[in-house]
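Quick heads-up: structures coming right below.
In the two complexes below, subunit A is the common chain; its partner is subunit B in one and subunit C in the other.
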Partner chain A sequence: MIKKISLTLTTACLTIICFAQDNIGEFHGDFDLNMQSYQEDELIGAKAADEMILNNAYLNINYTKGNFAAGLRYESYLNALLDFDDDYKGNGIPFRYATYTIDGLEVTAGNYYEQIGSGLIFRSYENKGLGVDNAMDGVRLKYSPAKGVYLKTFIGKSRTYFTYADGIIRGADAEVNLNEALNFESKTRVIIGQGLVSRFQLDINPKFKLPQNVAAYSSRLNIINGGWNYSGEYAIKLNDPIGSLTAEENNYANGSALMSNLAYSQRGFGIIAEMHRIDHMEFRSERAQEKQYIINYIPTLTKQHTYTLLALSPCATQPEGEFGTQVDIFYKIKKGSFLGGKYGTKITFNFSNIRSLEKGIKYDIDKNEVVEISNSFKNDYNDFTPKFFSKNGELFFRDINLEIYKKINKKVKATGILAKQSYNKDVLEGKTTYGTVESTIAIADISYKIKKGHTVRIELQELLADGGEGSWSMGLIEYTISPHWFFAVQDMYNWGNHDVKKQLHYVNINCGFLSGSNRFSIGYGKKRAGIFCVGGVCKEVPSSNGFSLTISSSF
Partner chain B sequence: MKNIITLFSFILIITSCDVVEGPYLIDDGGATPVDTSSNTYVKKVLIEDFTGHTCSNCPAAAKELEAIHDVYGDQIIGMALHVSTGFASPHTGSGKYEYDFRTKWGTDWDNFFDISNSGLPRGMVNRTGYPNEHKLGKNEWLAAVITELEKEIDFGISIANDINGGNGTITINTELLNDVNGDYKLVVCLIESNIINWQKDGQTDNEFYEHNHALRTVLSDESLSTSSSYTSGDNCNKLISVDLSILEQYNIDYSANTAINGSGNAGGWNAENMSVIAYIYDNTTQEIMQVEEAHLMNK
Partner chain C sequence: MRKLFLTITAIALFSTLSVAQSRTLPSVDVKTLDGENINITAIENDGNPIVISFWATWCKPCKKELNNISEVYEDWQDETGVKVIAISIDNSRSMAKVSPYVNASDWDYEVYLDPNGDLKRAMGVSTVPHTFLLNAKKEIVWQHKGYVDGDEDELLEQIEKIVKK
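So, the complex of A and B:
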């Protein structure tokens, strides 16, 4: 099948190329290659790969001419890197599309990525780092029938690895900018939106009645006035049991999600207060509860840290139930003041707290016992909905951190961070014996410009914890000769591990060369097993030991 | 105008959604199991449940397997294969999870079909979908079972056991029901049920969990015959001599000497709770064409 598609597309591309030579159309593209060798390292639990070297590569080619665009992506997994699902295997062109716009109507056929609102009911996206790609294959229409009114609708199947899930996904969204639509001049701008998604999958279950068409809908509101910005979205997913043959696994309760965000900003100061409440809201392209079928997205309410030890234990969003709050404050102390110095000082404070919803009980008919739950649940024996505010919610994650950035003089810049994190390892990693790990983290990041084009940067990081893997130290030194070269050496040392045999160093060396649109980097080192998250979507990464080569390029 | 009509027609499609009202359980329990006690052969399906005693989500898969069996009766044959170092190694000296359920064959199949790397629990239904779509989550088993049960059978398998005191013979007779060509292999193995031992079940460490259909040993994995062309009415017989104590010792030695983090704590077999599973698979596609199960002790 893939071969057939590839052949058709190659022919189509060649046709386009020939066509393009006579016209002014443009080709753009980019290429990424990630190659890694894997050697066994018993101490860190790293496995050797049978192939010795594994390789992921992607090539995107896009052609545009006026209102027409077409493109494809070639993907090659020979074989997939160990931190990828090995269902990504072989070569293929899983992404190809053509689109044109005429008289306000945009028509897309083939593959596309799409999102409704913030993604609570539907988000089709790709993130190669996470191994997520749930691209749609079908048709999509976008149309603006009047000023300020934007409609879109789509139908298709959702990608899982090199194939597509069983369910047929239909979606529609309307967004209205009231000021534009009503020709209403005001300091206050109001945008409202309404989205709807429905999945069809045949009911083949001989024992339980299942909905064949499962709908989810959401309403959203955005009000902007001067420095104030409010956005809120409320979503409901109707009954969506997973289609098991056991009563306990089939949850017929509706799911719901509410997110609310109020921000205020002015020059040198900003504050954002956010909350969300998520209840039984995982939406999939098939009933089966497998991560590759997930087609919605719940944004995380915790800060996305970039420093290694701050991001050592990241918070994975719990789509089955969580209540989160977050406050972010940014303040810049003015130049010339006592604390601001010559260049000013930037201070960022962040607090986030994620808990379970109210806990309740349900009767498990299969085990004939009562078990604890903390999300809506409905079957023939139970009907439980957690109260809006949880009184007895279990802490999943808490992060309090303060970041200070200061340019000291023309040559020296420094960032200092202090953080305190609570990480419920059992819930967030599906473990059973660790409980909640409390950690205190300090980061110092200093960069020094030696001379024009030569900069050295040093990171010193310390994490103190009793639970989990215990305490860590990390040091990094990076030397950049712009615009072409960078070199970096880093060492993570798990000196506080309770298991003396695991008090190990994880040393990594990296070197990169940039030339025009091409970037090459090679590295060698040991990676620890851990959790890697982007926006609350996480994956487990196995430990590894070996060389890596990365090439990226664009035209 | 046409465009608007197109848009709204899509929206109309989307407004269709089903809200199911309880009771959700269908009164008659759905399918009526086919009578498998008569002499005629019926299509049977093997569900291989790859599991581990410290895999907290695995009991849910075992339950799903039992539930499928409840609906389709003896047309469903289950096998639990304890695999992977992370989920199935014995925790020697901890007082819990000290038993080693792993076998050489379970490990080999796990490597060949690359199952546990994708996370447990996971299973195969008649090994269909190999090499890209054979690893199924528990909620995907039912659909695969329904598809398999609709397939015609080309092979009829019958099992006759003569075992006394842990010794004896197993005879597998395969009768061709249609003319077929291909490279077919016959596998004969022993499984054991009602083994009470530790299992992590959700957040609970259950000391008295009942492990069923656990793979104990593989007695044969060979070509069905020297021919690749079969005619309806052909019969292939296979006679296997069995000495359970030797087979049990093999597993103990495997656990002690070969399995990663093994302990040798792999004995304590109970022949009363054992069954023979025999299946024929297509060596090209790996698909299991037919499977049969019989109690080892002919009870």
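So, the complex of A and C:
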């Protein structure tokens, strides 16, 4: 009897479940774990952590069902890796959201990431590698009232670690694809956009009158015709003094930013020229002047290098003022030609040059002295705006590099790079005695396929410089067995350091295993202190010495 | 009775698992290289498999993967009808370089931009490259993190498995 009931019930259940399958929705997510042990090493200045082992972990879970989605992120810092800010402490669910779309209207409540245009006036984003996450918490609406017309508006507070900044951020953006909206066929396509952001924060400064609502707005234009592509954006940020009790530190000038680029490409060839001019454009989620509170993004106008010695001294954008230009050329020499050989040859050229704006002077009432400035500044005693083009700008960074890639035969591939970089260490790292470091860099990267799935790769890098930390050499050997294994050993050697004690080897050993959606890797070695850049953002990290374990998985 | 309960639980669990295995694309907008917005669920390949590869102009292994596939792409298309879609996660720092780079590299892929990582997050991509394989129903049936030389052979095996089914 029981068997019979059981069978009937089972069948019924199965039917219901099968029927419901389409309506159950889907759960997906991903998990990341980064563990690092720290041993003291006085020579490189690496500190041992009291905990011996530090650990960061994240679990994302997303649920979707038709037009509805919801999700959360669990974050665990026990305790946070030394590269991370101390304020990341403990466990929590700092990210959760729900969103649905109906008849072209998308509604999101809870946490969200958003960007207006290129981000000059607003970008909230996350980069776990760098410990950056300024997610918004609030409400966002997106609506497309007609073809080619996209509207969005949002309100919320900006995340800082496990809490939220004081300012309330309101934003709106409209983008119109003129060809689609006006329904006309043309070879030329035009897209225009207009964004506005405003931050509210009470003025409790006893001495100075501060604006409680600070607005920033931007206009953008994108024109595409065949292989040509122009895009530009101009932004203004209204006066936003930091609210200091010292007159000198409150700058009442408006900020501005202009970026513009023109690209042309056809099969086998591409060129892009870019410029930007940034003047007093740092925008924070509250007046306090700290890095983690930044809510806009000024893209760095230099190439983002991946080879270690090319990226040893990367450029960091100076949001208070800089003038940058950059040119990239991509060219593929055809197969079968004299220079192209059997497989073709790829050439990449990049030039970038970043300078300060026009220099001027201001009078410092508190110290009763005259100081040099190179950005807009306004208070009761000063009103300085640098000219659009500067004649006396100071060089911050310059990079000229040429890369050639060639597949030599079925087994051997090679890349060669030559570069010359000028790095104003004083400005870019806030130091005073180094001046500008000139370096010449050469890189060779050769890979050899031993047999199916087995490849060995060798990297040789050389950096010659007088200033800064002097010259470096680096070598790397990597052995990979597709699709599961990799092993790598590398050594960086600072043989040219003027301080003989610091002529050190930084040896790192890494190996990893990959299976399906899971990836495990372990490493051991010394990391040098310096600027660590991932995904376009850089921050200073301390030197470290020890084991690391990384696990990454998704479902 | 306990047995019954166990059976039902087991079946329910099994069904949930099998549901969880059929994974579809999230409804997220990306941009075309012409600046148009399209929803990623709108991609089509007439019932043939689709490969979605997340990459960036600053990511060496990503470019290696897409360049290596590019060399054999025509053969793959002839044999399996597969379409490769490359999603660039370049942000506004390097986004403008995507189109010149893609053109100069002679890629025949469909390329979309995901400048603030909306699709990347929705698909659980934490690092690039990250490659997904979709079957005829546009369900994700296989994925792979990272790229080393030779990984494209495994991808082709997976594509062939779908085509044979």
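The rule is simple: the second predicted complex is superposed on the first by the 530 of 555 C-alpha atoms of A that agree within 3 Å, B and C clash if a C-alpha of one lies under 4 Å from a C-alpha of the other, contacts with A are read in each partner's own complex, and residues count from 1 in each chain.
The definition used in the following text is that a contact is a pair of C-beta atoms (placed from the backbone, for glycine too) under 8 Å apart; a residue touches a chain by one contact, two chains touch by 3 or more.
For clarity, every value in this text was computed on a predicted model and none was experimentally measured.
Peer 1: With the two structures overlaid on subunit A, would subunit B and subunit C clash, or do they fit side by side?
Peer 2: Subunit B and subunit C fit side by side in the superposed model.
Peer 1: Contact-wise, after the overlay, does A:411 reach subunit B, subunit C, both or neither (first, second, both, neither)?
Peer 2: In the superposition, A:411 touches no partner, neither subunit B nor subunit C.
Peer 1: Tell me the contact category for A:342 with respect to subunit B and subunit C: first, second, both or neither.
Peer 2: Touch partners of A:342: none, neither subunit B nor subunit C.
Peer 1: Tell me the contact category for A:482 with respect to subunit B and subunit C: first, second, both or neither.
Peer 2: second
Peer 1: Now for A:249: first (subunit B), second (subunit C), both, or neither, which partner does it touch?
Peer 2: After superposing on A, A:249 lies in contact with subunit B but is clear of subunit C.
Peer 1: Once the two complexes are aligned on chain A, which partner has more residues of subunit A within touching range, subunit B or subunit C?
Peer 2: The partner making contact with more of subunit A's residues is C.
Peer 1: Shortest C-alpha to C-alpha distance from subunit B to subunit C once the two structures are superposed, in angstrom?
Peer 2: For subunit B and subunit C in the superposition, the minimum C-alpha gap reads 20 Å.
Peer 1: Mind listing the subunit C positions that touch subunit A in their complex?
Peer 2: Touch list, subunit C to subunit A: 1, 3-4, 7-8, 11-12, 15-16, 18-20, 22-24, 26-27, 34-37, 56-60, 71, 89, 91-94, 96-97, 99-101, 103-106, 115-118, 121-127, 143-146, 148-151, 153-154.
Peer 1: Hey, which residues of subunit B end up touching subunit A in the complex?
Peer 2: Checking each residue of subunit B against subunit A gives 3-4, 6-7, 10-11, 13-20, 22-26, 29-31, 56-57, 60, 63-64, 67-68, 70-71, 114, 117-118, 132-133, 135, 137-140, 142-143, 146, 200, 202-203, 205.
Peer 1: Taking the complex as given, what residues does subunit A use to touch subunit C?
Peer 2: Against subunit C, subunit A makes touches at 2, 5-6, 9-10, 13-14, 17-18, 21, 24, 26-30, 32, 60, 62, 64, 67, 69, 101, 113-115, 117-119, 123, 125-126, 128, 150, 177, 180, 189, 191, 222, 224, 227, 229, 231, 261, 263-272, 274, 297, 299-301, 304-306, 328, 330-332, 343, 346, 447, 449, 452-455, 457, 480-483, 486, 514, 516-517, 519, 535-536, 552, 554-555.
Peer 1: What residues on subunit A touch subunit B, complex-wise?
Peer 2: Residues 85-87, 89, 103, 105, 141, 143, 145, 151, 153-155, 161-163, 166, 170-172, 196-198, 204-215, 238-239, 241-250, 252, 286-290, 366, 371, 378-380, 426, 430, 432 of subunit A touch subunit B in their complex.
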